[in-house]
Every structure is written in C-alpha cells, then in structure tokens.
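Order of writing sets the chain letters: A, B and C. Residues in each chain are counted from 1.
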Amino acid sequence: MHMADALLSPAVGATFWAGTIGTIGYASKKLKEHLDDRKIPLMGVLGAFIFASQMINFTIPGTGSSGHLGGGMILTVLLGPHAAFLVMASVLTVQALFFADGGLLALGCNIWNLGFYPCFVAYPLIYKPLAGDGRSPRRILLASMASGIFVFQAGAFSVVLETLLSGKTALPFTTFLLMMQPIHLAIGVVEGFVTAGMIQYVRAARPEILDSSASSAPLAAGISFRNVLIGFVAFAVVTGGALSWFASAHPDGLEWSIGKVTGMGELPEQKRGIPAALKSVQEKTAFLPGYGFKPAAGEPKEKKQERPAWPNVDAGTSLSGLLGGVLVLAIAFGIGWAIRAYRRYNRPGSP
Amino acid sequence: MSHHLLEFKDVRFRYPDGTEALKGVSFLITHGESVGIVGANGAGKSTLLLHMNGYLLPTSGSVTVGELPLRKETRPEFRRKVGVVFQNPDDQLFMPTVFDDVAFGPLNLGLPPDRVRERVNDALRQVGALALADKPPHHLSGGEKSAVAIATVISMEPDILVMDEPAASLDPKGRRSVIGLLNSFAHSKIVASHDLDLILDVCARCLVIRDGMIVADGPAPEILSDATLLAENNLELPLTLQGRAAREGTHR
Amino acid sequence: MSFETAYSGIGRLDRLSYRDTVIHRLDPRAKVVATMLFAVVVVSFPKYEVLSLLPFFLFPILIGALGDIPAGFIARKVVAVSPFAVFVGIFNPLFDPGVVAIAPGVSVSAGWISFASILVKFSLTISAALLLIATTSFPGICRGLRRLGIPALFVSQLLFLYRYLFVLIEEAIRVVRARDMRAFGKKGAGVRVFVRIVGTLFLRTVERAERIYGAMLARGFRGDVPSMRSEMFRPADAIFVLAAGGFFALCRFVPVPQMIGRLVGGLAG
C-alpha cells in the first residue's frame, strides 16, 4: 500500500524523508566498508528483478484475489540488510517516477514503510533468531511468516499514522486501523509463504548464494546497530517535531494575513501556545465549525451530493471565489492548449 | 613490437568440481591475424575465452600477451591489452547510456576527461554509432547493440579483440553489418562462433577445439571445407560452401 | 492493469523523456528541485482548501505543453494510481458532516470539500511527478541526484536498476506468457507456481549479474562506477527554478482565484 502526497502534510513528509535519506546514507556507508565488488551489479539487477516480479500476480489462496511480491524480506535474506535497503529504496524510487505510485513527497514515507521494517527491524530481531543457521525448512518458514506478518503490519500501521498525523483525512484512528491491519495480515502471511518458498528454491539450486550473504552480513555488532537505530528515531522525532511546529505555526499565520488582506471571513480562533506539534492535527479538526465561513468550495459536480441545506453565512464571498477558480482553470488550460496549437502549427510534419 | 601477440602454452584448466575443461592447449597468434575458434557445445570454447582476459587463470601452463604473462596481479594490465566482447550485448552494456558505457573502460584506465571523450567518439565513429551516444541501450536495435558492445572494448585500445558469438541472435541484416564492421578493423582478432559462414567471412585462420584440446589449426577456407573434420565436431559445412560442395558432387 | 499495459506505459514514459524540447533541455537538478518544491507547497495547503489550489494547475500544464507531452496519457496514468487516495479520502464526507456554503442557497458538507481538496492535491502532485520523468531522462535524474548529494552507491544502484528493468521485465513477460498459455483462462496462478516462476527468474538474474560482473572486470572495473558527465547549471535553469518558486509563493500567499473572481464580479457589476 503506497502512501500518497495528497494525504500528507509537509511536516510528516519531511520527517520521513529525513529518516529515509539518513538511512540511505547510513546503509551506503556501511556497505562501502566491506563491499564485495560483485554485489554492485547483483544489487542493481536484483532491483530490476523485484520490480519485474512485482508485475506478476498470483492468486491468494482462499480469497481469489491476486497479490504480488513485496520483496523486502527476500532481499534482506539474500543480500543482507544494508544492501537490501538500498535495493528497496531504488525499486520504490523507480516506481514513484514511472508508475507515480504515491508521488515524490510520499516517497520518503514509502521507502521507510516498505524498506526500513524488513531490513532493520524484522531481519535482525525476528528472522535471524527464528531461522537460526537457516538450514531447517520449518524454521525458515516460521521465520519468514513471522517477519512477513510483522513487516506488513508495521508498514500498514505507518501508513495509518502518517495519514492521521497529516490531518487530511477525517477517518477516526481506530476505524482506519481496523480497515488497514486485517487486510495486511493476509498480505503478510502470503509474503511469508512466498519468501520461505523462494529461500527454499534458492537453497536447492544455488546454496552458495545464501551462505555468502549470511556471512557477509555483519549484523553481529548488534549494539552499535541498536544505537544507530535509536539515533535515527531520535533524529526523526526531533526534525519532525521542529518542522511540524514550524509548519503548523506558520500556515495559520499565513491564513491570518490572507484573511486580513482580502478581508474574507473571520479568523479561526487561534489556540496559541500549543507546544506539541501533533496536537495541531486535532486542533484543525476541532476548528471545523469555524471553517464554515472559509472561502472553500467544492467542485460543481459535487453539488448534487449536498446535505440538507443549513442556513448559511456569507455565501456571496464564496461565489466570487468559485467564479475566480473557474476562470483560473480556464486560463491555465487555455495557455496549455495555445502552446500545443502553436507547436502543431509550426511543425506540421512532426508527429 | 614482438613477433608473437598472444600465446597459450600447454594450458590446462580444471574447474573446482573436477571437470577438466582444457587439456593442454597451445597456439600462437601474431600481429594482425584474424583467428576463428570453432567447436561443439561443451568443447571448451568458453573456458578458453575466459582465459584470454584473466577471468579464469590456468591450472597449469602459461598465457602471455606480448611479453606479459597472465598472473593474478597482472590481470588489470592484461585486460587492457586483450579486449573481450561477451556474447550477450545486454550483459556487455551495463551503463545507462551508450556514451557512459563506452567511457566506462577509459575512465577505469584513469584517463583525463578530454582523452576519454576523444576515445569514446573515435570508438563510436569506428562502429558507425556516433549518433547513438546519448541513447539508453534498451532503445537500440540488436545490430546497434552489437556494434556498441564492440565500441565499449575498442575504446580501451586493446592490442587484440576477442569476440564470443558477435552475431548471435541478430537478424540477417544486423549480422551482415557486424561482419562488415569486423572486416573493417585492422585489429588482431579472435572470434569464437558457431556461425561458420561468419568465421569464413572474417577470419583467415581457424582453430577447432574438441574435448579441451586443439584438434585442428590452419587456414579457415581449408578447415571449414573439411566436411569430415567438421562432422566429427558436431559442425556442418558453412552454407556458402555447402552449395559449392553439392555442385561439385553432382558434376563429378 | 495487465502486465503488458503497465510495461508499455513505462516504455512510453521512458521514450518521451528522451525528446528534445525547452523543458527537456533544462538541468535535471532544476526540474527535480522545482517539482519537489511544487509538491511541498501544494500539500502545505490546509485540509479544506480547494480554490486556492487551482492556479497551481498552471505548472503541470505548462511543463506538459512546453515539453510536448500528451496530456491524455498523463491524465490516464494519474487516474490509474488514484485508488488509495480516493479510498482514504472518500471517508471524509462520512465522518465530517459540518456544512459549508459555497453559493447562495447551496451548501455541502465539509467532508466533501476536504475530499475535493485531496483529489485536487493528488492530481497536482502526481501529474507533476509523472511530468518530471516524462521530461527528464532517468539517467539525467540520477546525475542530478548525485550532484545534489545522494550517495554514489545508491545512485549507481538506481542506474543499474533502470538499465536492467526493461531486460528483466521482458524476461518476466516471456515466463508469464508461457504460464498463461497453459493456465487456460485461470487468472494468475497459485502461490506455488508463482514461487517457481519467480525462483527461476531469480536464478537467471543472479547468473546475469555474474556475467555483467565479468564484463565489468574485463573493462577495468575496480569497485567504483565512474562517471564524467558534468552538466553546467546554466542561467536558464536558475531562471526556471526562480520563476517556478516565485509562482508557487505567489499562489501560496495570495488567493488568486478569489481576487480574480472579485475583479470580474466588480467589472460585471
């Protein structure tokens, strides 16, 4: 499930970008320290492999619906966490660009949701302890299942959290959570099955691939890793806190000045001195009644969906805004159309 | 310049699983020669080619290019002298654009940017692909890919060019242009292929390898018209010679 | 979206990105920065804002028109990826029943407005992202990222991925076609078959990586993927970023539609 730009606030987007960029830097640095040259083309081609295999659907048992490979776990088992994180990040980047899955701002969230948990949480804390030396098929299945379930639960939870913190949705926390988590439980189970199946398949055909990755994955230094993890979380919280404070304090100020300049409507009452960034979310929802007079408007299409009309205030202001909006759109599309027409006229022979 | 260019002296190679792939291979290639290597699948052709730039090292015997013996530590220098073009251009062209790909070798040689640009342009001009410089490899046709793959190696200015199936999976037109290209090079070259017509068109001399040994070595027209020898090696007369042989057969 | 339509979509975007127009010629860094800025400014609007977002459509429209990118193609791709945003947004009208007047005598629930806001933001940010890749070749974007400070190892990873994306997708298509031909109309396949297909694909991929590594060694590879392209950040690129930034700032701080509306209304009255 890909997070989308439209559901994000800049503060949440920036926070996860900071965490993601930091992790990319960390993984690149770690990887460089003891990189087998051989891995450079292998990582790249495996990224393409994950991308290609995600385009192949399979039927999820018992449901009839189709699923595809997530890939985070299998990559981590095959390449070790640092290399796997970079591969996942590159796969998601290419998807964000070529499929527009989510958009650029949400890319930070998506890399975090789908890359960080398998590589740096599930692998060291769940997969490795459960799989042991990786020779028992039953243990591999168990380890893959547990990690698959965890990875997708954590990913789905992050999506819920990111969406709610951004405050663009009116969905209550528990409702959203109850929608997301069970679906992803099923997806996680399937991912676990597929991961285990792939590992068995590779073990049967090319056992040396697994052995070499296991030995070159230097996760023995568990303590330093944990420190780094804690460092990142702290970093993310601090940046996020600072940014969202900034962002939440600022736009309101902007609205205020806009309101003053254009003389439209009263200000939503500012609840000053709220230090916690996260509260701005609830604050915004709490403002609801106050927003009635805001110069917001729906697209004409949606008018038919209106609720029983309540006596309203100040509709005249909104009307001129609506008129202006239609004009702005018309101008924008007109310019685009004119440029295209001009091009066509000047290059009649070109396709 | 020394008289001999590439020399294999009693080269033996055993894979870690015990298979003996080369059982004492010796030959000498001199400057300006063009040599074809033919043989059935599994005869040892690929193993032989992998020795030519040190991807594999002989278990015993020696490989030298010019005065340079192939050893673990001489491999980088060895690879500069012997340029190998692998069979599948998609494996050979791993960089995102044609220019970057052709520049990969010269940059690794540590040349300054101006010289690199010069080499890239020269190499692309030689294979007639200068216009493709900014394209990504997946936008190229099969023939274009093969030409660029050759350019990636020429740009390193090797003393000798080694090619594995340069025209495999090309359409007839692409194959024809690769043959034209190979004939336009003054380089010493070694071409391994099942395409005996191509060998006949491009190479003056031909080696036949069977079961890890050289079983024949001589002028290409002679070897490639020896129907018995070829049949023993799971090969067939080149099509161009088949017609002639058939005609001669009926006239006799 | 079937495998092959998805693939042809990527292929088409990729081919568009190698065109030669004013927009294509801009430095990749300028376009990456402007697009990122665009996304941030657009999502920075509050939950119930719709009208003030409309002027932002000028940015993707201009890029698309000047870059000679087919508008219908981009629009279809935007719609194709919309389900998640729509899924989350559609609950707003249900959970947010406050009422807003939009014209004399016409009011809608606030939830519809915030839903509309999500849809507008979605169309803006996604079309801008698609136009970035449609007007900038992927290697160009990677060079831009490298020069913006993204680690070299990660960038070379992106480049390898891009290079072999098309090769491996074609390989996957061949395998899937073979499967479908024998699946006799059953959609997809079970997990077991999937694992076998993907396993085969994986082993082929590993073998390919080994051959590529061999080819790299043959050309002197010693652990670093070298690069020598150095684009100059020209005045035109700077002007583009400044103009885009200025436009975004203007539209962020000044309610353009309302002003135009009032102006026109004033003229008419």
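Methods note: a residue touches a chain if its C-beta (ideal position, glycine included) is under 8 Å from a C-beta of that chain, and two chains touch if they have at least 3 such contacts.
Keep in mind that what you see is a predicted model, and the values were worked out from it rather than measured.
The most distant chain from chain B is A, comparing centres defined as mean Cα coordinates.
Chain C has the Cα centre that lies closest to the mean of all protein Cα atoms in view. Centres computed as Cα averages put chain B at a distance of 43 Å from chain C. Mean C-alpha position of chain A lies 49 Å from that of chain B.
Averaging Cα coordinates per chain places chain A and chain C 14 Å apart. Among all residues of chain C, those that touch two or more other chains are 14, 138, 159-160, 162-164, 167, 208, 212, 216, 221-222, 225. Contact with two or more other chains is made by residues 94 of chain B.
Contacts with at least two other chains are made by residues 41 of chain A. Every residue of chain C that touches chain B in the complex is listed here, in rising order: 14-15, 18, 137-139, 142, 159-160, 162-164, 166-167, 208, 211-212, 214-222, 225-229. Within the complex, the chain B residues that touch chain C are 50, 53, 55, 76, 79-80, 83-84, 86, 88, 90-97, 99-100, 103-105, 107-109, 113, 116-117, 134-139, 152-153, 156.
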